[in-house]
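Both complexes below contain chain A, partnered by chain B and then by chain C.
And now, the complex of A and B:
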């Protein structure tokens, strides 16, 4: 049954629909950590290969959480870094000036290592493409894999994630709101209906 | 009723969780079971005697504990480790919760640890000695690791005597009795006599140290070697008995431990697998037909051999008839000129798929041919 809500105030005031609770986020991060261990064979016998690189800000928070979980499960802590893709974006000149994030990559460099790139939401794929270019400035990894908390579809580039927390079919106008304790005071993922949204949509 | 509990592995790895079931200390071999369902059958399976079982299925206990599904008189595992125990039991057959059943039988358990990490550790390092500690048994970590290391080893463990019946008993056939089988109880599961009974077979379940004279007295149509726990290299008494049974050309069928006993009787060696086969969805290829069955399995030891290999024995040529495509490990063998065959998996399948139930029919056929001779 279709409901025409044009002009209906509820249309813009539609509440966020919760996709992942705080407990779900914790469990999903733990599960992705297990998958990374199993797919990369990271562990005490192979501690130097893996570098986990987050895209600020959500991806960077998730990268450090994944590293903590991986350290807990294997007894060895993987190397963590961040990479800011802003200056490599293809839409850099379109919008207003935007703040730069941090780029902090390990001393050992990325050459011949396995990089797991982490972001909170995978949407058009343009952020990831920019991050790949940014990584290229810092070395030549053996391989790059991608981990995301939410894959919301609508890819505009041939990019896919190796590790997905949750696949969420969305409409173009919707946005995904990812909240993390470190930056927002609580964990959660929600779907926002309204066109204009406050959360990080990427 | 909560409190800390600890899973301690021989190599010093520790997992901290919550107590579950009984409180105290238990030592055994840490193994994992990949079955998604049927934890009651798993816990009461005598082949798990002396083992601390880690469930790979994250949520355990949702169907509670009933009074019908036990595979033996009691819970056999040394300890039980789960991720997320169900707070309520929802099944019309349930009589009590799994936690109550564990506590009532004094089985020390542990909940709330990341079992996926434990299982990966056991897969990489192999099954190893372990202990679960809670309540007063908790002590500094180093002391607990010492206690685990001084615990019993599964290699060389003679356990079948501990789970065998103290005295003989008979399970009657359903309806007309067509055959009589002598079953050597080295850890038999209660579903096995049920499978026989459904085929008109009366089962005489015998203690593990039964002499051959008793079997001659019974004059059975067939001899059955049951499943069971421990290292088959310790099974000298059952091996000697099996030799005498083969010499008398009594049709023989063995499963699991029985497969290993038959193999050792035929001069084959057995060895300890790194982390064993334990679950209800393990594939087996029968090489004569190429058929794959999905089977219930529970074995930490295996028979030496290659797929389809033929070898000479004092009872004529024998052949490796079944292997597991996952790792090529031997899952069944048969004598070619004598009425004897065995499989490493569980055709009685409790809990598990019923793909392999026709093996009981084959045994019945074997007994039928034996009678005609």
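And now, the complex of A and C:
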């Protein structure tokens, strides 16, 4: 379950407010897949240009789903990878050592390809900044675009998404809970009002 | 985690956490032209070796550098140790210079433990630490006498896990000079923590007193044990620590306890041969066995870098505790 890291959800009293149902998540992924195809001209004529790279764990799951959807609509499957931004974070010293996620980038490398970076929730932008740094160490993409399931605002860096599933106005203390079948057994996105907010942003 | 002094400080979950981190660090560096992560930028790691070492010292240094820590090597010869400075004063000096982490190898068992104790006490009393009064240096034990060598055991575990797909339930033999081997001691306890069945095969004179209390079995003749092993670890005969008549002759040792080609053929096909290095070819291991496909000796060395990166990451990347 991906919860953005501000606020401790275990201390919540108020019930979660559903933002996206399971069907909404499926629909949203399909819509983003269509937008990516339209904007990147990915297809049978141009099958090697696009690489979908997810940020573990939620983004990585969404990246594979996007790839499946894109393959369904175009007949060709884009290359998928994951990149763990943890080693590039700017807040490592603010807490105990974080566990690392998987990094698996395609054999062909990223040089001169179009990378669509995927995450579940866009918040402060710091995770994306770290992921961009990590990507840069693995090659020089032609361009990098960003796809997120939920944009909850409160950016702390000049970063914006190219593809947004849903824009959700939130308060700092609230958190967005993203559930995905692959990791949590069911799909859904909910807004959680945390009792207290503390800790570094996602 | 503050220090890494002994594998007995690690429970199964934290040991597996370190091995997972090592795997992920390996992934993060795979296929890259520039093997450099920014994670430990601004941290200083001093390796302080009072005994000879190639792989441990170099791999700690490489591990630190690949994560952008500043790594500095202090050898006992060529430093003020030669002028009679005590371990206590050398440790305090390195902390005052700004060492966030001291990686120490020392011929005396317990040296790393003493240094960690001094570091904690100095921090508590507000003595000069790496980042000002009250800050403490982390200590990593890179081998203390005949006591422990935790990062070696971790890299051996990583290698076994890579090659066999897991550690729990596997039978692992440790053969040779167990008495003088900190590698054997750390491995017995770590592998047992991770659920392996450990078998020691050694000349009776080279088994430590109290081995019955270890979480392992003392095996029979090497030939009888080999067919049942998933991995076999050959230990170096530590001539430099032998001040008595432990062995009738080197020749006899090689004949009775060496892993010859004939003996290696008794191992199951999937079995892995490990050696912590440095190997004495023809003594504990035959050259052809050391170079065979079943030998993981160089994989061990490579895993050593990633395991040591993982240790430095866990000790230094997070907030000072």
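By definition in this document, the second predicted complex is superposed on the first by the 183 of 202 C-alpha atoms of A that agree within 3 Å, B and C clash if a C-alpha of one lies under 4 Å from a C-alpha of the other, contacts with A are read in each partner's own complex, and residues count from 1 in each chain.
The rule we apply is simple: a residue touches a chain if its C-beta (ideal position, glycine included) is under 8 Å from a C-beta of that chain, and two chains touch if they have at least 3 such contacts.
Only a predicted model underlies this, so the values are computations on that prediction, with no experimental measurement involved.
Residue contacts after overlaying the shared chain place A:87 against chain C, while chain B stays out of touching range. In the superposition on chain A, contact is made by A:73 with chain B only, not with chain C.
In the superposition on chain A, contact of A:133 is made with chain C only, not with chain B. Within the superposed three-chain model, A:43 lies in touch with chain B and out of touch with chain C [touch as defined at top]. By the touch criterion defined above, A:34 reaches chain B but does not reach chain C. Judged by the touch definition given at the top, the superposed model places A:98 against chain C, while chain B stays out of reach. Of the two partner chains placed around the shared chain by superposition, neither chain B nor chain C is touched by A:186. Judged by the number of chain A residues each one touches, C leads among chain B and chain C. Once the two complexes are overlaid on chain A, none of the chain A residues touched by chain B in the first is touched by chain C in the second. On the side of chain C, the complex with chain A involves touching residues 1, 17, 20-21, 24-25, 27-28, 30-32, 34, 36-39, 67, 313-315, 317-321. Across the complex, chain A meets chain C through its residues 84, 87-88, 92-105, 107, 109, 133-134, 137-138.
Note for the complex: chain A touches chain B at residues 30, 34, 37-38, 43, 72-75. Per the touch definition, chain B reaches chain A in the complex via residues 13, 114, 116-117, 120, 124.
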